[in-house]
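To start, I am sharing the structure in question, which I have written as structure tokens.
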């Protein structure tokens, strides 16, 4: 079994222009033979929150030692720093703009990239993915230590947390995050980890304080999901349980509540936008 | 020359969300170093027929031993089975919903995936590509036999065949299947295999019964293609033989008749939808 | 460090149909283990100029020995030739339609592909990427010499150069080339190579004649960029220097002048089309 690390790429470069291909060229030139996996290059331009959630959803499925080179970087060329973050045996490289908010923990170490030796000799202002992040990822794959590439940092930029809290009435309040390819609307409500058939334990995916006692047990079929419009959705086990044109909610593949339909786009059927408030409540209430 | 198998991926996951990247992560974690080829991730959501034709068009160009992990699966989480099919030295893994209709033959063997040992320990209801099909593909690449992963099946789901038959008048009747990137409309008429300049032998790509004697010879320039509108198209050798704004037909790269234009979309010029009836007839008739 | 060459793919096949995947299948079958990098498959159908500029922007970032298989080929199946070009230690394979205009130099050698031994045995008229260019790339990766694949050529097809010249008044005249994913408009003006902070040397990227003496020094902040509308844009250091809704210009990552905005599409804000005339002039004039 190969022990060579894998480099995963996440950018908002799209697939039309040669930018994503050039990242792979730079990596292949410095570190030939290192496997490269495209996580996605189609983050909508500048949507750091979406990229940060995707990293959270994906990272545990990658091997230990994976190096994530991440370039969603609307502030490229400004004073924002480039960083290397080591977290749970994986390495994250990219701009210090909050991209790594949902993968990092307080005990993780991070470094600011500033050793010119590991960058391309000519550096543009506008394409630091090519000139900085790809070469640093490739040198990291070759075994260069982060401390050789920069100075240790004590504080990184964090995104504001999406809404996830208890209401005074004891309901769980959250918000819509984004719609995926199929029109499923991923929400901030979760995560819910299955521990028995139709029984889920609540393990908040973002910082969460509560003094309530009954957090650790959860059975989704006792609940309804109330939209900002007042409409209430029922829990379903899977897409095909829904009648044509109807929407429901389920625990998605990352443990977050998703609003879904069957062979149709829930996002469109319900006219849902981003950051719409949601309430998850017991059906009896 | 490497003997390690290659894993080819075909899904309707799109390139925006991290789903396709996560499949590759799961495979790389279980079977590091196995080459992965993206056949496509842009099957329109749930279009099983299109995916099935793409597999038929593609599989012969892949090496012997290729493992196809295929996830176009609108019924995910329902009672539909997950299967492993071995056909002509290649392995096909995915839902039993007809995806493999055009690659399988009556003598192929298939198994239902049910050995939890080869799946991810936590299985979601909605992302079995990640939890079931990718790990089974990776374990297959490591040499695990299908019979270790599940029980043998005698009957698989088949899609209804596209139309391909002789009319009482001796014409060949078919239908439009889909339009490709260039607006070329792929049809069910074929396949036609070249055996001499402008001479093609008819070798039906789907089950076909006929008592007619003259099936084995075919010369496309003796024929016209009649659309549902009554319009008749002439055979051309290649795109650039057509005048601007004109459409014709040719034998496409898979041996199926395609309706084409030059530097324009035949699909739009002719206003063709899916499943439109077509008649291929001798020009004299 | 692996010495095996890498194959880079550039096509207009898109990511929906299986065509790009089939190229990779053919290469993997002939030359298993050769790494394949997707440069892009999303060239707008038939846009040879755009593909040619992308190759110019990308090739220097790829390793020595890289084999580029390039298929933007509206004339497929016509009399146009298939070629192998060797230029600065890299190999370019594709149709002789101008695709390689901006990478080739007068001293480069080229060959016409005509040895059937290195092509697929069955060749379609419409998919020579699969039947000709991919197998030739794979055999080249295995070490087959171009002279074994075809006869040497003395003359290749060139695209007309984009506009890049001095006006009688001593300004630099150019044109818009295309907009990228972010709405940045790449122009023909350049390239400008940084040799000191905010100091750029003009090194024309396409043939350029001038008797003027002051070509080798350039400081972009002394200049304005005048659009066809008469509007004048100021130079900025990076995107985030621009106020919301405003546009400016900068030296892009390939050394060409780009018209940009911040978190918005300059192309749309200014209503820029392709081939719009531009004048780069000293701010004082």
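Letters A, B and C mark the chains as written, and numbering starts fresh at 1 in each.
Keep this in mind: contacts are C-beta pairs under 8 Å (C-beta built on N, C-alpha and C of every residue); 3 or more make two chains touch, one makes a residue touch a chain.
Quick caveat: nothing in here was measured; it's all calculated off a predicted structure.
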For copies chain B and chain C, the superposing rotation on Cα atoms, rounded to the nearest 5 degrees, equals 120
Given over half shared residue numbers means same and under half means different, the chain A/chain B interface is different
Chain A and chain B have mean C-alpha positions lying a whole-number Å distance apart equal to 33
Multi-chain touching residues of chain C, meaning two or more other chains, are 15
Within the complex, chain C is touched by chain B residues 1-2, 4, 6, 8, 10, 15, 35, 37-44, 54, 57-58, 61-63, 66, 180-182, 193-194, 237-241, 250-253, 258, 260, 262-263
Chain B contacts chain A in the complex at 12-22, 24-26, 28-29, 32-33, 36, 45-46, 74-78, 122, 124-127, 130-131
